[in-house]
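For clarity, chains are labelled A, B, C and D in written order, and residue numbers in each chain start from 1.
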Amino acid sequence: MPDVNAPVSAHEMMILAIASQLKGLRHIAVGARSPIPGSAAHLARLLSGGTLRVSILGSRKHSPFVNGAPELFDCASQGRIDAFFLSGGQIDGNANINLVGVGDIAAYPRAEARFPGSFGSAYLYFVVPRVILFTLEHTRRVLCPKVDFISAPGTSAPGVYRPGGPKALVTPKCLFAFDRDRGRFTLQSTHPGVTVDEVRDATGFEFDIPPSVPETPTPDAATLSLLRTDVAKLIAETYPAFSRRTWGVG
Amino acid sequence: MPDVNAPVSAHEMMILAIASQLKGLRHIAVGARSPIPGSAAHLARLLSGGTLRVSILGSRKHSPFVNGAPELFDCASQGRIDAFFLSGGQIDGNANINLVGVGDIAAYPRAEARFPGSFGSAYLYFVVPRVILFTLEHTRRVLCPKVDFISAPGTSAPGVYRPGGPKALVTPKCLFAFDRDRGRFTLQSTHPGVTVDEVRDATGFEFDIPPSVPETPTPDAATLSLLRTDVAKLIAETYPAFSRRTWGVG
Amino acid sequence: MTDVLSIDDLVARIPDGASIALPSDYSGCAMTAVRKLIQRGVRDLHVISMPQGGFQVDMLVGAGAVARIEAAAVTLGEYGIAPRFTAAIKSGEIEMWDSTCPALLASLQAGEKGLPFVPFRGIIGSDLLRVRPDWKVIDNPMAESGVKDPIVLLPATRPDVALFHALKADAHGNVWIGVQRELMTAAHAAKQALVTVERIEDADFLRDPVMAPGTISSLYVNAIAVAKEGAWPVGLDNAYAADHKALQDYTSAAATAEGFARWIANPAQVAAHA
Amino acid sequence: MTDVLSIDDLVARIPDGASIALPSDYSGCAMTAVRKLIQRGVRDLHVISMPQGGFQVDMLVGAGAVARIEAAAVTLGEYGIAPRFTAAIKSGEIEMWDSTCPALLASLQAGEKGLPFVPFRGIIGSDLLRVRPDWKVIDNPMAESGVKDPIVLLPATRPDVALFHALKADAHGNVWIGVQRELMTAAHAAKQALVTVERIEDADFLRDPVMAPGTISSLYVNAIAVAKEGAWPVGLDNAYAADHKALQDYTSAAATAEGFARWIANPAQVAAHA
């Protein structure tokens, strides 16, 4: 059994912060390479009392998709996916994300650093109402002033079809909210033990800081136990290495 | 056992005339309500020595389609269907076909006579290289000067995407060939016992008559036996009433 | 999540005036549900046939339940013309949107994909373009410079309701439809999918690798009702054949409005398949 | 009709310079066939990933067999970056057509349907538009008059070859692919579908109502070769898992060109899976 008295880790704080963004939703999809959002989705589902459906790409037990690779995207087009998760090798203060590479775009396809590629971001960022951005590395390198390549833009000009977009950005240090009209992040809470100055120092883009920044709520014992037992087991189906590393499960 | 000495019926002559148009092809599809083309396709397949594939809509044993109603049309788009069959409540001398109704189009949707509708004709007529038209009623009413409603046009203006189109028209009386460049039918052969005058009298549109019009070839005993035994059994899967009526099989 | 309802409660979810996608006769018609709809006195339906209308469309038209039909054809197949449909066309009491099979299906697929429109080959030169003002011809914007390549654009279709019958659902609300994939497209494209089934099995089709490819996930299925012989009299693939006598009886009766009214009201066989 | 060939004869049908659709790591990779292609010294392939490239793309790039990649991503997933791909991008030796998953799939579906192009939502404002001159933004021609609604058009894709691995084929050349429906789309869209399978069963999947929905008809399958463990080391759904040690070994070895050359040339395990 996991130790519920062990301190809450930065990854766990990210999971809890993401889960806090998923209340009252009907259907969440989780893409590739997303163990932390996947854990948050499972937690939110367990806490929802059965009203939330979670679809995890690459899962056998938690995927409704039988119509090939396009179905996730078609499903999102139909308005059937309330939340999705995206990351980026670079994320800037306008919530533009870069999954392609670092370097001058004029040299494309050559790059100083090449990331895997945009995956479904250039579509899902437009059509999923609540996209939660996340990064495991809260540094000025990742959270930069301006991305070198826009895989998917944070905001769109008026008239561009865009029912969806970014709502929040979760890092190991804090939770940012994104205001689509202003195209700007606001620091919403810092995780326990992280100061506002520390966030400011580690962040390469400008963001709003309210007069008083609360601490990201820590979980009660019941939620922590749920996370470290049930969620750990559930996410181990798709991410065994992650679950083993984080909770010794799987 | 069917009697191979019984005279060749008008329907059988149509089947043989259609089958004569299907030599050397790889794949033929047969649509709804097409027992005579279906019989011709089966006959051509049996005579091909295994090189011809026949797909019959509505058949369980002779259909490759597992991807829902669009697959037949997608398959044709891909250039994988060499021949298809269309009929019409009206067919005119430019090979325009009308599957919608008789009457002034200005009154649409009201009609003096309403036919079922265009089915897939407005697409397949464009993309299947060898469309064989057929009608069970060779009269001036059906083979008319100008159709009241063009479900699908016989020819298209230059520049219109049209890899396919009409090649022939088979009736209980004769076989017409269609020249796409001239947009006109030529009488190619008359069935045994039918005169050119009889065809001219029964046809409401103008067509070319060569100086000498041969008789549609009648089948040898082996072909007739194949038709009245094997083909009769095969088509009975999809058209039991037709096979019973025509050959007493099924 | 998928609700399991009585047939009456299932059809209660179809409001008057709804656009409703209905399958062709051979691919899973919810005939019992359609008769319940008629009994309820539903009005002003916009029927979208996928892609042909058959007995259920003729019955709905005969009952005065239909304002508009979009279809590539309406026919009773080997039983001949659809008599109530044909009468309604002659009297001008319904609006008709004639289509061609793949265009109708392409519009549904565009709805499934959230596209506003989809390009489509063929059709040019057909009078369908004259009677479908919602279709448009443009010059292919992707053609080589200087090349005129006219092409039809079709609007996407997102029906209010998709209603059909299938062999079976599982305990989670997943519905097995086999190769009738246009039913999956319709369920995806529709705002609401309502399905009658022969039975509900204690299984999970999505977790069964052999069943999953022919299954619509419960994610897309709003409600299910069990309807034994729910496709009578047109029949259901892999289950039971069409009832030829009943279909012949219908066709004869429906030749007149009075005959249709008698048939639909309460013949013994309809009651036996309620 | 479908030919049954040796793996060597199967890959002999893939000419240098062909455009070739290859699945993502999880949906049926013909790994043995890809190694045979590399052994043959294939050159100038235009790889179309459906929609992500993985180990087979990295191997082909490492072998110098690739002129161009169209993909929404190239990655070894939990094993990290694709080392030979990344090196080739840095050295500028391959052409890259970055895409986004649903756009790449939509182009294949447009190819399947014989469309010249397909409209597509999203993307506007992405730099993908700058690096994809074959994509175009137009004002939606079906928008209400006076409304500007910019939308992307994508050209259709018809690959010369679709190459993948599946669990089984039947005696008629039909191939069961289960829920990996993008493989069916690719087989339909491609000019030539070449498939390796674990085994050929004495059956007819198309006549089996439960198997048929997950089956590609032989109509679309040009040739089949039996390749036992043909998806080693990435694994095959419903058959065998990925060989984690072999994938880890590959990833480590491929960090350098020399390491890659050693791995691909003749490690004991590659020989055991030839």
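What to note about this one:
What we mean here is this: a contact is a pair of C-beta atoms (placed from the backbone, for glycine too) under 8 Å apart; a residue touches a chain by one contact, two chains touch by 3 or more.
Model, not experiment: these values are computed from the prediction.
At the far end from chain C, in terms of centres built from Cα atoms, lies A.
With A-C and B-C as the two chain pairs, more C-beta contacts join B-C.
Remark: chain A and chain C have CA centroids separated by 40 Å (rounded to whole angstrom). One simple way to say how far apart two chains are is to compare their mean CA positions; for chain C and chain D this gives 36 Å. Chain B and chain C have Cα centroids lying 28 Å from one another. Remark: chain A and chain B have CA centroids separated by 59 Å (rounded to whole angstrom). For chain D, the set of residues touching two or more other chains reads 106, 113-115, 120-121, 149, 151, 179, 181, 184, 212-213. Chain B has residues 65-67, 70, 73-74, 77, 127 in contact with two or more other chains. Put simply, chain C touches chain A in their complex at residues 1, 112-115, 184, 188-189, 206-207, 212-213, 215, 217-220. Considering their complex, residues 106, 113-121, 136, 138, 140-143, 149, 151, 153, 155, 177-179, 181, 209-214, 237-238 of chain C touch chain D. Chain B makes touch with chain D in their complex at residues 27, 50-51, 53, 55, 60-61, 63-67, 70, 73-80, 127. Across the complex, chain D is touched by residues 32-33, 58, 65-71, 73-74, 77, 99-101, 105, 108-111, 114, 116-127, 149-153, 156-157, 159-161, 241 of chain A.
Taken together, the chain C residues at the contact with chain B in this complex read 24, 26-27, 50-52, 71-75, 77-78, 81-82, 85-86, 89-90, 92, 94-96, 98-103, 105-106, 109, 120-128, 130-131, 147-151, 179-185.
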